[in-house]
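In the two assemblies presented below, chain A is common to both, partnered first by chain B and then by chain C.
Up next, the complex of A and B:
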């Protein structure tokens, strides 16, 4: 068993980054995720593992520091909250185009605009549909606990390098701020420079005589060449949809109804499930863990076994679009959401189920 | 016939006094004839070759006319987003402290959209080289006004000349970064005459040598022409540059070994 600690979600991300063998963290302060860089600065990872931690001048700079680091094969990450992630979109698009691995953590707060510092899931569209310009996706992981904040850092880096793609952890202000018990994984040593060069033959690490020079870019002025890059990206996304879909089903075996929810909303729905079942309403929970690739097939399957589904989100109805696209026959599916930083209470979720699905 | 033989006779290794460095890829440059970009590329690559550090060097090209620099420079390169090269270089140098790292940027890239990245990399005293090609215009996008465009100078977005009242003043970025404790060597050069080319190359050598000392940013501005954007012949553009650009952007060292040098009265006429 790994080391047990009581930690905030944000602290768990930071500790996991050091333990995962991350080479560099670059970030800019914003609530509710500033504890990530604060924890790293206190921990002095430079002494622990040699990891670089740098407070950048902006989120624009942070993401482009990631582009530079990733382009040389290093394991790099940043974290921010909604407005900062918006600023990073150009850089993320460049990284997707240049096929560079990195980990980005969005501890989402309510918007639009400066919004609020309270938790929200309103950045779902931005996360799963690409966010920046051009036809691309990131792998998007949605943690529902402090444990997963730690675990998904390691998983995120693995997937980022496996597919040479940016990976996003879509968390929220509550998961980032709440304290829970977490079992930390054992530290993995950082790769030596020689290992980086061996593992990332595509990276710009200095040209030895015996090989061609390496160019990291997302530019191909020739449309035929640019289409080829796009086709390659699309093939990669199909592969992810085949191999990387992750989800969790709780009490779905006998369920007549199901909640579909990710992250914090899934936690609320678990409590709502207990309340509903005490009232003899047989409801289960389907929790997408990867939001891209989306568990479309599994949702299509379970939809046929139940009388209705309630998609619960802390936004005005975003994931429900992907749920609807997943269905191959008409099914009853409704949305219940609170927004602007309000977390729905479990009993209001049960009422919504009763009114919109059972009674509706 | 006989004449041709004579030429071939001369083309012997022992007769070669100057040739293309193998660090330049053998392909035509994408620059307009007469443009300064190609000359700076060559001086840069000759410097790396003479120092024998090409295998330890990572370069970063900008968005601008030199966006394709990575196709011509036979070293490992990254193409940055517009203005962000110093952010890339910061991360690379911090995680690969033994490599030589440089950015190559135009005036729109470095002094407009990338101002924050430039100033903060300089202010942190990052340990890489910034090569700044100031041609007073946005060459790549078709000759729009740059932050460095001179007062009264016409461009496609200042068709009646730059009006300082509404369009602001030309930005002397190089003097500005020289004020920051994080810069160690700051100089302004040109490449329109052999003499100036030699000085630029000397500055490049000094800048890359500085990286071995880990002492902060070496910043080399090259005031250059954009004959296409300025709508002049190459020869006229060089003359115009001497008469108009150099008085506003005087050539010479601004900061050496971490100390500001007293400004000299610089005359920068051709053949000086």
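Up next, the complex of A and C:
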């Protein structure tokens, strides 16, 4: 068993980055995720593993530092909260286009605009539909606990390098700020330069005589060439949809109704499920863990076995669009959401189920 | 066993750290725990509260709106949280600074004059641990040896010389507890 600690979600991300063998963190402070960089600064990972931690002059600078680091095959990451992630979109699109791996953590706060510092899930569209320009996706992981904040850092880096793609952890202010028990994984040594050269033949690691220059770019002015790049990206996304879909189902075996929720909302729905079951309402929970690729097939399957489904989100109805696209035939699917930093209470969710699905 | 607790008072009273010590002791005793602070645009001297859940099972929502126990250390928190205690639940409050005493008749109510006592003994730094002692007397969820481990884990090493004072404060707190209303 790994080391047990009581940690904030943000601290767990930072500690997991050091243990995952991350080479560099570049970020700019913003509430509610500032503890990530604070923890790293206090922990001085340069002394533990040689990992670089740098406060950039802006979010735009951080994401471009990731572009540079990833271009040399290094394991790099950044973190921010909603407005800061918006600033990074150009760089993320460039990285997707240049097929560069990196990990980005969004500890979401309420928006639009500067919004509030309270938790929200209103960045779902931005995370799963692209966010920046061009036809691209990131793999999007949605942790629902502090444990997953730690585990998904390691998973995120693995997937980023497996597919040469930016990976986003879509968290929220509550999971970032709350403390839970975490079992930390054992540290993985940072890769040596020789290992990077061997494992990342695409990276700009210095030109030996026997091969051509490696050019990292997302620019190809020839449309035929650009289409080829796009086709390659699309093939990659199809592969992800085949191999990387992750979800969790809780008490769905006998369920007549289903909550569909990710991240913090899924935790609230678990409590709502207990309250509803005490009232003899047989409800289960379907929790997408990857938001891209989305567990469309599994949702289509379960939809056939139940009378109705309630999608619960801390936004005005975003994931519900992907749920509806997953279904073969019209189903009773409704949305319940709170926004702007308000977290729905478990009994409020039960009332919504009773009114919108059971009684509706 | 699941115990859902809200601890609420002024910033600077040690509300968040009391919750952290309780939660960390729970981890050491192999319980599931969650610690969810209010992290809004609070400032020094403003209100602070934290929800702590300790359970033998996986914890569902870390955000809840009714509690088994409320530990209340100022008037604003009394106004906000007295009504959120589950019927049959527990309210512990320090009467220092309280102008409107609790009115519920369907919960167990205890007072603990910890602020006064901590001031008299010159132990105001560990006032929060006196209050925690009062709670642990009524709900002995955490065994003393795990509380010791929880203190070791939550306090920075430079403050480990204060662990003894903290443990002493817990014992003082247990003696300070006074029943106000005890249901049959």
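The rule is simple: the second predicted complex is superposed on the first by the 360 of 360 C-alpha atoms of A that agree within 3 Å, B and C clash if a C-alpha of one lies under 4 Å from a C-alpha of the other, contacts with A are read in each partner's own complex, and residues count from 1 in each chain.
To be clear about the criterion, contacts are C-beta pairs under 8 Å (C-beta built on N, C-alpha and C of every residue); 3 or more make two chains touch, one makes a residue touch a chain.
Everything numeric in this text was worked out from a predicted model, so none of it was measured.
Chemist: Could you say whether A:345 touches chain B, chain C, both of them, or neither, answering first, second, both or neither?
Modeler: second
Chemist: Which partner does A:115 contact after superposing on A: first (chain B), second (chain C), both, neither?
Modeler: It touches nothing on chain B or chain C.
Chemist: Is the number of chain A residues in contact higher for chain B or for chain C?
Modeler: Result: the larger residue contact count on chain A belongs to B.
Chemist: Tell me which partner A:76 touches in the superposition: chain B (first), chain C (second), both or neither.
Modeler: Once the two structures are laid over each other on A, A:76 reaches chain B alone.
Chemist: Which chain A residues are contacted by chain C in one complex and by chain B in the other?
Modeler: Touching chain B and chain C on chain A: no residues.
Chemist: In their shared complex, at which residues does chain C touch chain A?
Modeler: Interface residues on the chain C side: 20, 23-24, 27, 32-37, 39-41, 59-65, 153-154.
Chemist: Report the residues of chain B in contact with chain A in the complex, numbered from low to high.
Modeler: Where chain B meets chain A, its residues are 25, 54-58, 60, 67, 70-71, 73-81, 84, 87-92, 94-96, 99, 116-117, 120.
Chemist: Which bits of chain A are touching chain C when the two form their complex?
Modeler: 4-6, 32, 117-118, 173-174, 177-181, 264, 267-268, 270-274, 343, 345-347
Chemist: How about chain A: which of its residues touch chain B in the complex?
Modeler: 23-24, 26, 52, 54, 56-58, 60-62, 64-69, 71-72, 74, 76, 90-91, 94, 98, 193, 204-209, 213-219
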